[in-house]
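First the structure, then my questions, so here it is.
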Amino acid sequence: MSMESEARSRQTRRAWALSAPALFLLFLAAAGPLMIVLVYSFLLPGKYGNVEWGFSLDGWRGILYTRDIFDGTLKLADAHLTIFWRSVKLSLLTTIITFAVGFPTAWFIATRAPKARALWLFLITIPFWTNLLIRTFAINEVLRNEGIINTVLTRAGLIDAPIRMINTDFAVLVGMAYVYLPLMVLPLFAAIDRFDMRLLEAGYDLYASRLAVLRRVILPIVKPGIVAGSILVFVPSLGAYVTPRVLGGGKNMMIGNFIELQFGQGRNWPLGAALSMALLMIVMVALLVYVRAATKGSNPHG
Amino acid sequence: MADRNFSATRIPGFAAIAIAAFVILYLPIFTLVIYAFNAGQSIAVWEGVSLHWFARAWDNEAVKSATLRSLVIAVSASAIATSVATMAALGTTRRPNFRGQTFIYVMINQPLMVPEIVTAVALLIFFGVVKQATGYQGLGYLILAHTAFCIPFAYLPIRARLEGMDLSLETAAADLYASDWQTFRYVTLPLLFPGIIAGAMLAFVISLDDVVITEFVKAGGQDTLPTYMLGQMRRAITPEVNAISTGLLALTVVLLTAFFLLTRKKG
Amino acid sequence: MKKLLSATAMLLASASLAQAAGELQLFNWGNYTSPELLEKFEKETGIKVTVTDYDSNDTALAKVEAGGHGFDLVVPSANYVQIWVEKGLITELDRSKLANIGNIAPEWVNVPWDEGRKFTVPWQWGSTGVAVNTSVYDGDVNTSAIFLDVPDALKGKINVVPEMNDVVNLAIMYYGGEACTEDTEVLKKVRDGLLAAKPDWISMDYGATEKLSNNDWAASVNWNGSTMRARLANPAVKYGYPKEGYPLWMDSVGLLKDAKNVEEAYKFLDFILMPENAALISAFARYANGVAGSEAFMPDDMKDAPEVVIPEEFKASGHFLPTCSPKAQEYMTAIWTELQK
């Protein structure tokens, strides 16, 4: 065995050893128990929820095809696709908005005096010490016809009648961006903060234009932060449903509600299990493709 | 050349957006705090000033114990999750490709990939079996469950910090015959610290806010503040919860102020 | 390692073991148990009651079925009691330990979900109807047309609670069917009717008490107790009992088969069957109970509240939801998915 390959296998062992505690905990309370759900997706639904032990592919078939309740014909489940697409769209928009707001915010924090940075970081997370539900209701309170924004605008004489914002797509986006903002800001901050701002100023002298500095100096440095932040916002917001329901009025389901319905009043656990396994696979593939594409061309040690 | 003078701290528009973001973040919190002082029954109809809900929350054993339980779980889970996530991040970044790295990456991020209800059902069934086999029904299950789903939230910011972090200082330390541990303790850790703080804060608020998994894993007498709230949602939500949230916020602010005053004196 | 693990486990368990004597674990709907009731019970018996909340029948069922839950008493809704019995999760009550069982009002003894009250005692009951702000719409409110053929005045101002069983069954009764029907003719009308009405709804959400009070909504499919709270804040709100038929519900307390504190549980069941204690339950959550004579102890604003005391003319239209067959449940879920897609 050459020295190099020996060093390499030592490196690999070390990587595994350092990851082992995290993997152990995840296996115990996340990925491991999820195997139960995988098994359930191949079983029959129980009469009153739960499952019955008997092999069936109905759960998986039910993802794409549904039997018409009236004429019994098998047809494409367009309702499922509509719900899925709605969730994806909302997550994408949420990611874009949180990035547009979060990047300048993280930059702002990272360029404060070293002592003040922690304070600003805490200021980002303090609102999240309150409960999600009550926070969402509070957002609703701000957006209402008789809420702060409309009252201020009316008093200032800028509008005659209140602008209706509650139960609109706008309200949902505001709420989602609000809820997920720290998930974007904190990783971005972690990436920006390590970076020596003098480099940037030197780079500016070198490249002359702001755009070039952004592209050639800033972007490569903050890329890991963007990758982390966008994963932390996009992936969990796919399953979100409290915020869309409270602010959007709940007339339309998100994929999270739809899966929950199967485990609740819908009493179709195998379909719920199959749907979540399918979602898991789609997200996993998307995530790997995204991470590969985002890190392509960067230094392998980086 | 005055117009070529560039300052990273003053990119036009950035500060304005950041300040606006902070204002927007605190606007709902402001209304939430206001309604904590509502004399009426509602979180949406103002009926005058009163401290009645603070008194009521303080007298309510269920709310107090739920709040305390939420904090205990969040502190334990975020501490454990951040520790193991830091190790995992150190293990998986800044090294050549190795066998299994994709597997580790997917495993660590897996809790993000399924809606909570799915993990909740899986844990319900798994822990149900364990509870019957061992007879132990304590808080350990909730801490374990929270730790697991907090790991990716701690891992990703730490990894983002580590990636591309300058290796030269560590190499220099190693050249000066510092042990691995010394290098880590005095060189890597301080450099990594902002990432760890970011990860720990995320893990903490994520745990503090969790409803669905907690609802399915909790045993008798293990309500947390969010599950207590969830139970209220279908009936009527009173400003009591606003009062609790306000109390928590006030506590945070006091602790933070104390912390900053203390560190300032030292410095 | 094993020693360390078991020591840690012991340490974590000790907190729950220490309080096992004179204790009772009640698994109940959130914000549904009067703190005064528990205080009084503890004072009289020395038994400390710990309440743990749930927010849906299905969650409660799944949790208890999974085992290792540690609860003693549970409060399922009428249409779930049979499921709990059939799955063997709740046990037949020993009537000799319930001196006050005779206090159950006659009409609540022979109920379809628990003939002769073998398994459960009443907790609270109510109805699902419509709440309308009469300053916005002053027509007839005692009809499901309020949300299925929305009057012009209420278009874009009415909410529907996202409760599948309640909403779909209201619609089934409106279109001439019986709750949990498998009649596809009726179900077709139900689907088409709901889909046609949906554009007129502002939302499908909870929180009617606040939003009816502060005029965000002018009407809502809603529960009676919640409507009463809204009326107290906003007198224009009126509760309608749809004459085409509306669901009644009752939550009843059952003793779990694997309960650990059985004696304490019986004491509690007997305690809540006393009229003055049952009245405490009602005073807190604002729903009626099923104990004879409790009216005398009720708060004044509940004694003749039109939301609590069903007017004679609408009594016949109220129906308890039966436990739907899996087939009927499948129909409902399909319609619901179509409605919310």
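Note that the chains are named A, B and C in the order they appear, and that numbering of residues resets to 1 at the start of each chain.
As a working rule, a residue touches a chain if its C-beta (ideal position, glycine included) is under 8 Å from a C-beta of that chain, and two chains touch if they have at least 3 such contacts.
It should be emphasised that the depicted structure is a prediction, and the values quoted were computed from it without experimental measurement.
Chain-to-chain contact here is organised exhaustively, every possible pair of chains being in touch. The pair with more inter-chain C-beta contacts, choosing from B-C and A-B, is A-B. Look at the CA centroids: the one farthest from the centroid of chain A belongs to C. Separating the centre of chain B from that of chain C, both taken as means of CA atoms, is a distance of 35 Å.
Chain A and chain B have CA centres that are 15 Å apart. Chain contacts: chain A has residues 137, 144, 263 touching two or more partner chains. With touch defined as above, residues shared between interfaces to two or more other chains in chain B number as follows: 43-44, 121, 125, 230, 233, 237.
Among all residues of chain C, those that touch two or more other chains are 59, 62, 207, 214, 216.
Every residue of chain A that touches chain B in the complex is listed here, in rising order: 8, 11-12, 14-19, 21-23, 25-37, 101-102, 104-105, 107-109, 111-112, 115, 117-119, 121-135, 137-139, 141-142, 144, 148, 178, 181-183, 186-191, 193-194, 197, 200-201, 204-205, 208, 213, 220-221, 224-225, 227-229, 231-232, 235-236, 238-239, 241-242, 255-256, 259-260, 263, 269, 272-273, 276, 279-280, 283-284, 287-288, 291, 298-302.
Residues of chain A that touch chain C in their complex: 45, 47-50, 66, 69-70, 78-80, 82-83, 137, 144-146, 166-167, 245-246, 248-253, 257-258, 261, 263-268. Only residues 40-45, 60, 62, 121, 124-125, 127-132, 134-140, 215-216, 218-223, 227-228, 230-237 of chain B touch chain C when the two sit together in their complex.
By the touch criterion given at the top, residues 56, 58-59, 61-62, 65, 83, 86-87, 159, 162, 164-165, 184, 187-188, 198, 201-205, 207, 214-216, 323, 326, 329-338, 340-341 of chain C touch chain A in their complex. Here chain C touches chain B in the complex through residues 8-9, 12-13, 15-16, 25, 27, 29-32, 35, 50-55, 59, 62-63, 66-71, 206-207, 209-211, 213-214, 216, 225-226, 229, 233, 285, going by the rule given at the top.
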